[in-house]
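Each of the next two complexes has subunit A plus one other chain: subunit B in the first, subunit C in the second.
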Partner chain A sequence: MLVDRRKAAVFGAALVLRLLLWVLFPSLPDLLTGRVEVSTPVNSFKRLQEGLFMYTRNVSPYDGGVFHQAPLLLPIFALLPNAREYPLPTAIFYSMVDLANANALVTISDSGQALSGRLHSALRKHVRYDGVAVAAWFLFNPFTIATCLSRSTNVFTTCGILYAISNAGSGNSVNAMLALGFASYLSIYPALLFIPLVLLCYDRRVQKTKASSNAAVFSVQYFGILLGSVAGLLGISCLIVADFWQFISATYGFQLLVPDLTPNVGLWWYFFIEMFDSFREFFLGVFWLHLACYVGGLTIRLRRQPLFVLTALLGIFAIFKPYPSISDASLYFAFLPLYRHLFPLMRYTFFTVSALLYATLLGPAFYHLWIYAGSGNANFFYAITLVWSLGLSILLADTVFAALREEWEQDNPELRGKDIRQV
Partner chain B sequence: MLVPTRNLRSNPHLLFVRLPYLLSFLCIVVGVIWLLLLPLNEYSRRTYISENALLPGQVHAYFSGSEQNIFRGYKKELGGLLVGGAGGNDGEDGSRGERGNGKVQSILRAAGLKVATQNYEYTSAGIRHQGQNTYAIINAPRGDATEAIVLVAAWKTADGELNINGITLALTLARYFKRWSLWSKDIIFLITPDSKSGAQAWIDAYHDMHPPSVQPLPLKSGALQGALVVEYPFDHRFESLHVVYDGVNGQLPNLDLFNTAVSIAGGQMGIGAVLQEMWDHDDSYEARLETILRGMVKQGFGYATGAHSSFMPYHVDAITLQTKGEGWQDEMALGRTVESLCRSLNNLLEHLHQSFFFYLLMQSNRFVSIGTYLPSAMLIAGNFTIMAIALWMRTGYYAGSSSPSTSAGAPAEEKKETTQKGSDASGVMERQLALPLTFVVGLHLLGLLPLYIFNNLSHQYFSSAVYTCIIADILLPLTLAALLTHHSPSTPSTPANTIPQHYLLIKSFSFLLLGLFLSTLATLNFSLSFMIGLLCAPLTFTNRTTSTSVLRYIFSTIGLVILNVLSPPVVLVGGCWYAGVSVESVLTQAAFGWDVWGMWTQVVVWCVWWPAWVTGCALLGSSMF
Partner chain C sequence: MTTKNEDLGSSPQTTSDPDNTATTIMSSKTSAQRVPPPEKPEATRARFKVIAAFWAVIILLGLPIWWKTTSIYRAHLPFQEMVDWADGKSCRPVFPLEIQIAAPSMPDPEAQLLLRTTQHTLDDLNEFSAHHLRLKLTEDGDNTGYIKEETHEKADTALTVRLVPQDNLPTPRSELSPETTQLDVFYSPNQSPVPSSSNSPLSTFIAGELQRLFSEEKATIAHILSNGHTQLSENISRRLRRSLKYADTYHLAFSLFTPGPAPSSWAVQEAIEDYLSPLLQAFAPISNFTVDTQVQLYATFSPTAPLPEFVESQSAWTLKQEDLSAFVNAAEWPLSPSIGSGPTINFLLYVPDPSQSPMVVKENTATSWIIPQWGGVFLLNPPLPTENPSNPPHLSKDSLRPAFMTFSHQLLTLLGTPTTPTSLPFRLQTLIRIRAATLLLSASSTMGSLARLTESLPSIPIPATVAASVSTTLSHLSATCTHLREGRFSAALDNARVAETEAERSFFEKSMVGQVYFPDEHKVAVYLPLLGPIGVPLVVGLLKEVKRIVKGLKGR
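Moving on, here comes the complex of A and B:
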């Protein structure tokens, strides 16, 4: 019972903290909603409000070109009272989503897939955080809190991804695929997680039944389930919006073709602003290919640890996806404490943390200089987004290094603790 | 070159303990010297007009002759109203303001302008500030009301004098400008009761950012391109123009605006321009340095130096022209200067953006730009980061003894052996981060408490609050030190003679944050970052001492006394004593700045400087327990 009480304390404290922030600083959510670091065109709460306004007045929400989010969010938010007049129900709703996400993290941590899977067993199993600590890490991360307060719809994608992984970790493969379908339906990129996720499901199945079925057949079956769930959600969407193709081009087309170059913490906007239009299609292809190509490489190299592949991919999405925000980074950070046993092998933690802290402080300062004070320019802010991405890349590279190093130590027990040098 | 490097590698004490102190010290020294070099000709530049459209002084200013009679007439009308209330108290002040505003409105209306008023009220530190702004707009005959220039005259100047000539001049110019057909931007004449709050209320309302106690504006124009404030508070003729340019939070107007003003006053009108109250600037090194330092102090404190300061946060470049000295320039010369400046601004094709926004002026025609001066503040901020990194590495890789047993002359092989042993014994240590993180983050959050108190207290309690704060600042670090020493996690592996890991980690995190904040701040407000950095510099060299007991007590007591002299409230009291102003008035002004101007100097003091200072004191104090 003791563990449960701890969990209740952490969850309760997180909920109280969020509601307190909401009550004590009523202007904070609106401030965060307007920040480019938190709200992107594809997850902004303001745009959702706009879509909602049109939806409740029987106009197609995609008219006007402001709303680019999945239509299923509209009926859900139409049930909530108006966020402007009664902010509290929305606040409670978002806080609950955060708690649900944390709960999924507890399940992932308790499944122990980070420490030992079918093909892999960590060396330093005793160095670990328990599920509640992992959840606390997620819930009290300032980035998560900022995302929650800004009411970014990214939390639903996060929710889908987390439940997909937690279900995969505990062996409910069908549920995992349904959750991934939900996340992919909201914002396409989670579909890239399919391969490592299905491998995780497969490993769990083999572990449980002790009989190895054919991996390819298994994957195809579950790919079918994923497709079915996405198709189902699209079908329901058809009932909500009249013009199916308008919906597709306003949401998925918007996410794939990146027409809105509002600044964000990612690397795409500046690049595509500077680019000559004739090269745009080519580089769109290159950027997407770049994002997608990590899936294959990481999955093959780290076949033994599918959960780690998922973690690394989430980090890559946080850096390289077209409209990243700090909520993507917070999702990646949420997975890191699962790999507490790799921390002793990481080499640049202090540098990474410093770089991320610098970027966190300098980003808003330079944005202020650029937009409000008028004394800076776009390059100021872009430089800081580069630092931010650099910090995340180093963190990512460092964790991947640590994971590889651990695998290597497993394979070569006699070389444990020796320095390695790249030749 | 190779030998010292090898020595460094084989002597971890030198690498991890001595070298960072040396580097930090160098950073601070170089940072200060860098600043001292700036006034030299080699490092500064002459000012120049970057925006060609401004064409300063290229037009003939026609404001003269018969306009002078109108000026005298207006002055007589206004003066007649003010005779009764010349030396009056606040009550009379209010009625005088009302009568004055009524007259101003009727004059502006008679000149054919659209006139409107705005009431406002602010409450800060238990004091109510209220008044009524009057403003009038000339619609541009050649424009489309999308852009405007503001001409401000306040009844009370920034120094609290009655600005009778300034107001009259603004009215005369309004009548005069109205008859010209060449304006392509609207011209707004704003008459405010004082230089502190009136312009702020108006500009807030102009951008619909006003608090509920301020009325919205009934009449508006386009985007503001620039603002000029005119002050002429005495009856005799003046000698030179004092150009004031500092904005709230150290923001500065575009250098082009300042240059235009200087070049029109000096070149076209033959009026000398001075800045930063340097009345006799002989262009020597000392005078230049003093000008820079005065500018830095004003920028660092971040308060509004005049009615123009309120415009800066909205990206409206603004300056104040003050008449100074006894000479032979009359109000017509000032009027022609303002006319010529308005003509220049009228020429602008786009918002002022060409020239510098970050600069330090050392003479009306010499400046240094951000690229040249920023490294000095960055070096000082960098010293803390260097220390933070060094302490972090020291906790991880080098548990080390404090006795440098290996002397430089010893054979290399022996040294290698000792390091081998050392690294085997300590290896990579696990760090215990929970206590240091909680300590540092907790202190930063605790800084919100004095911030809240000093911004919300009524003004009569300020001096007692400061003295309470000084006493609390003596006691708090010692309490924290005692707690740290008695309730710290046991680290069995460290020898008795070394500093336990968590002290080093606390200092490391505290300095990481300090370096972080100061370098961010350096991009926003260079001077504040530089000043806080210098005041925090002694903290780099304080730590828990490990010498023998008697010396330890002496050293730490002396150190604590020195640090307490550098604590935020003591520095405030000392600064007030040096400047000859009362602590209460400074803090009232600061609270007013927080409430009305949106000044955030206090946040830096209480949430950046103060936590770092308490941490330093607590670490030093811990050697006593």
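Moving on, here comes the complex of A and C:
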């Protein structure tokens, strides 16, 4: 039972750390809740409380134009005592969600899909972290802790995505689709993960039963399950909110059309502040297509490693989605230790880590200069978000390169260790 | 090698692969590091699929989005009709004024004869055909002095001439009643026309009187219809210079300014209700009004303004006439230029400090003056107690009476009401006709400008609301024209006001105006830097792939 004791120690330490931070720095959660890097209009806990206040008083939560999150969160949070007077239950709840997420990561790691799948088997299998290490990497990541303390509702989307992938990895395809439906219901973009996820499910099914069925029929079946789960959740939402179309336009309309240009760590807000009004719709389309068009290309190119496609897409979402926050980056970072065997093939690790640290430290400083001190302007903060996105993009490109290089070495074993050159 | 075999074994194209890999290994061994091993067909196919996947997204989703979001909606506008209105081809405004002649004491044939001869004389005198007077006998002789209610069938009566026989008059005499549109003509019965002569002193007199009464209106309308090409008399052009541009709504701002602490209140509401509201109601068919008031204590002159001087002979503080323009301290007195849409007319009531009271204008001891196109000023010098002189803390309604009488007079001038003749209803009717003509021309020319603008800029969108506004404008313009031709001037003005409002709304439509300054060249600046970085790799990838396919076809 050595492994279990390690796991218990890591999970216990993570829980204690979170609660300690809550108890020792009572103002820290509220400070983080107000930070634009952590809280965006679609996941802010403050806005959730506003919606909750209206919901408990029988007013449509979307009336104020402040709340843009899924209505199912409201009854869940209505069960918890008021976060302002009794912060501890909320703290414990969020910490538990974090632990559940970590547990899903352990499952993903233990399924071994990152190392070998149906069509693929890594060369450096011995270079790996075990599940507890992966979970520790996630639980003690400062970005994850900040997300947890800020009580961002993004953790539920993260939870949905992680459970979808862990269920797919362990072969529970239906559960995977239900979890993905939950994540897509909360914030639309996880639906883009469907294709690689269904391929992962398909590979597991073929591995298990040893009989290959038609992939297309399989996908259509599971797409039906996904649609059914989303429709079911929407149906339950109908019971909560009276006006269905108001709910759709306040949540999904808000996420698709990006009307709130509050600064965040992403690339959209500044662009749409500057864009001519008549081109706004066009570039909304361009940005969404840009986000979506990687799915097909990556899935085809990395067909042998669906889990890696999922990881790369999570990285792309963290950079290019409309309201990104550091919680999206923390989800991407959580998957990277699964690919410990690719680290030796990566080339710009130092530069990436430096750029990300640089952006992490200077971002709040420049935001302060712009908003509070008044000695800087929007370009200060925008420049730092560019550096942040650059760091993430290089990390993403580097890992994709490493994965491709590994595939290449599998195909051409005699060329292992040779330098790469452009021809 | 085991992993690789597994790997290849599971891929669908297994039959030829072992040979293929063998040759690959052979060739790469011989050429060392120089030449990379040739790509496997599997990899080539994968690359083709990747490129196809990206292009499929672009073509299937990107192109429709591009088409949908950047296509410009241009509602259909009746260009020819709009230009015709602007060129004056659609409507030639005419002003047939109906004048009722009431001759209760005259036998009917005689009255008919008088009517004919007078009309003949009038037509001879008139040299401006668009504006002509039509005489008509009142059916009901007793119904004199009664302004007909506006109906849609009958023309407005511009003037009623009542013939009153009076003995011992050497020449006919006329009298215009100041409160109605009625002209009393006194004549001795021997001046009435006789069938034998084509002219009579009475008909000549009436024709002359009518011509005189309508001379200012006629000159003004001729001036408007000719787009300001005709010469105006000094009197009329001065009036036009002073008056404000027409607006649907005027904001009246009444301000009490005083350099000291008193008076700190005034009975302005009662004063406006009693002295001004009747006038504003009379103006209701022409314009709407909103009224604001304010009191400003310790309002000082601007430091550069010349100070009033004490003149012993007048025993008053005097302001020089040429210094009156500096009287209003525009920098410090809170006189906002405009409240909402529409112009503001300011009326200033200035109560001088007791130490400078009474204050008058030096040259003519006047206490009020008009500021052209801006408003009016009135100096109120309240009676001061002899010992310890100070201004009264409250201005009663009665003490405001002279000021508000002056203000109402100034308001008439500022709104462009003709100065002659003396009857107010008559002048207001004249104003209705003048405004109808002005609005008809201005709305028509706005239509022309809109047509030219939308034709010369094919890239600006035309929202459906603009098309709706244009059609409303055009229909109201033609209604205006019909009403004018049939002499219903109030109805004409009503339609012209709607036409003008709609024309302005369509011309200043926000979504159109924003695009006016966005030429097509700017689109290159929008598309290229933003889509270039994405487009270049995609296009290069596509070209390479096409090249490879063409090569493969040729090789075969």
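Everything below uses one rule, namely that the second predicted complex is superposed on the first by the 423 of 423 C-alpha atoms of A that agree within 3 Å, B and C clash if a C-alpha of one lies under 4 Å from a C-alpha of the other, contacts with A are read in each partner's own complex, and residues count from 1 in each chain.
The definition used in the following text is that a residue touches a chain if its C-beta (ideal position, glycine included) is under 8 Å from a C-beta of that chain, and two chains touch if they have at least 3 such contacts.
Given the structure is predicted, the values throughout are model-derived calculations rather than measurements.
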Original post:
Clash or fit: subunit B and subunit C on subunit A?
Top reply: fit
Original post:
Between subunit B (first) and subunit C (second), which, if any, makes contact with A:A365: first, second, both or neither?
Top reply: first
**OP:** Based on the superposed arrangement, let me know which partner A:K210 touches: subunit B (first), subunit C (second), both, or neither?
**Re:** neither
Original post:
Is A:F350 contacted by the first partner subunit B, the second partner subunit C, both or neither?
Top reply: first
Original post:
Now for A:A373: first (subunit B), second (subunit C), both, or neither, which partner does it touch?
Top reply: first
Original post:
Who wins on subunit A residues touched, subunit B or subunit C?
Top reply: C
Original post:
When the two complexes are placed on top of each other via chain A, what is the minimal CA separation of subunit B and subunit C in Å?
Top reply: 7
Original post:
Once bound in the complex, which stretches of subunit C touch subunit A?
Top reply: 1, 3-4, 6-7, 10-11, 24-25, 28-29, 33, 36-37, 40, 46-47, 49-50, 53-54, 56-58, 61-62, 65-66, 68-70, 514-515, 518, 522, 526, 530-531, 534
Subject >> Touching residues on subunit A, where the partner in the complex is subunit B >> reply: 344, 350, 354, 357-358, 361-362, 365-366, 368-369, 372-375
Original post:
Which residues of subunit B touch subunit A in the complex?
Top reply: 251, 313, 315, 351, 353, 357-358, 385, 388-389, 392, 428, 430, 512-513, 516-517, 519-520, 523-524
**OP:** Spell out the residues on subunit A that touch subunit C in their complex, using ranges where they run on.
**Re:** 118-121, 123, 276-279, 281-286, 289-290, 292-293, 296-297, 299-301, 303-304, 410-415, 418, 423
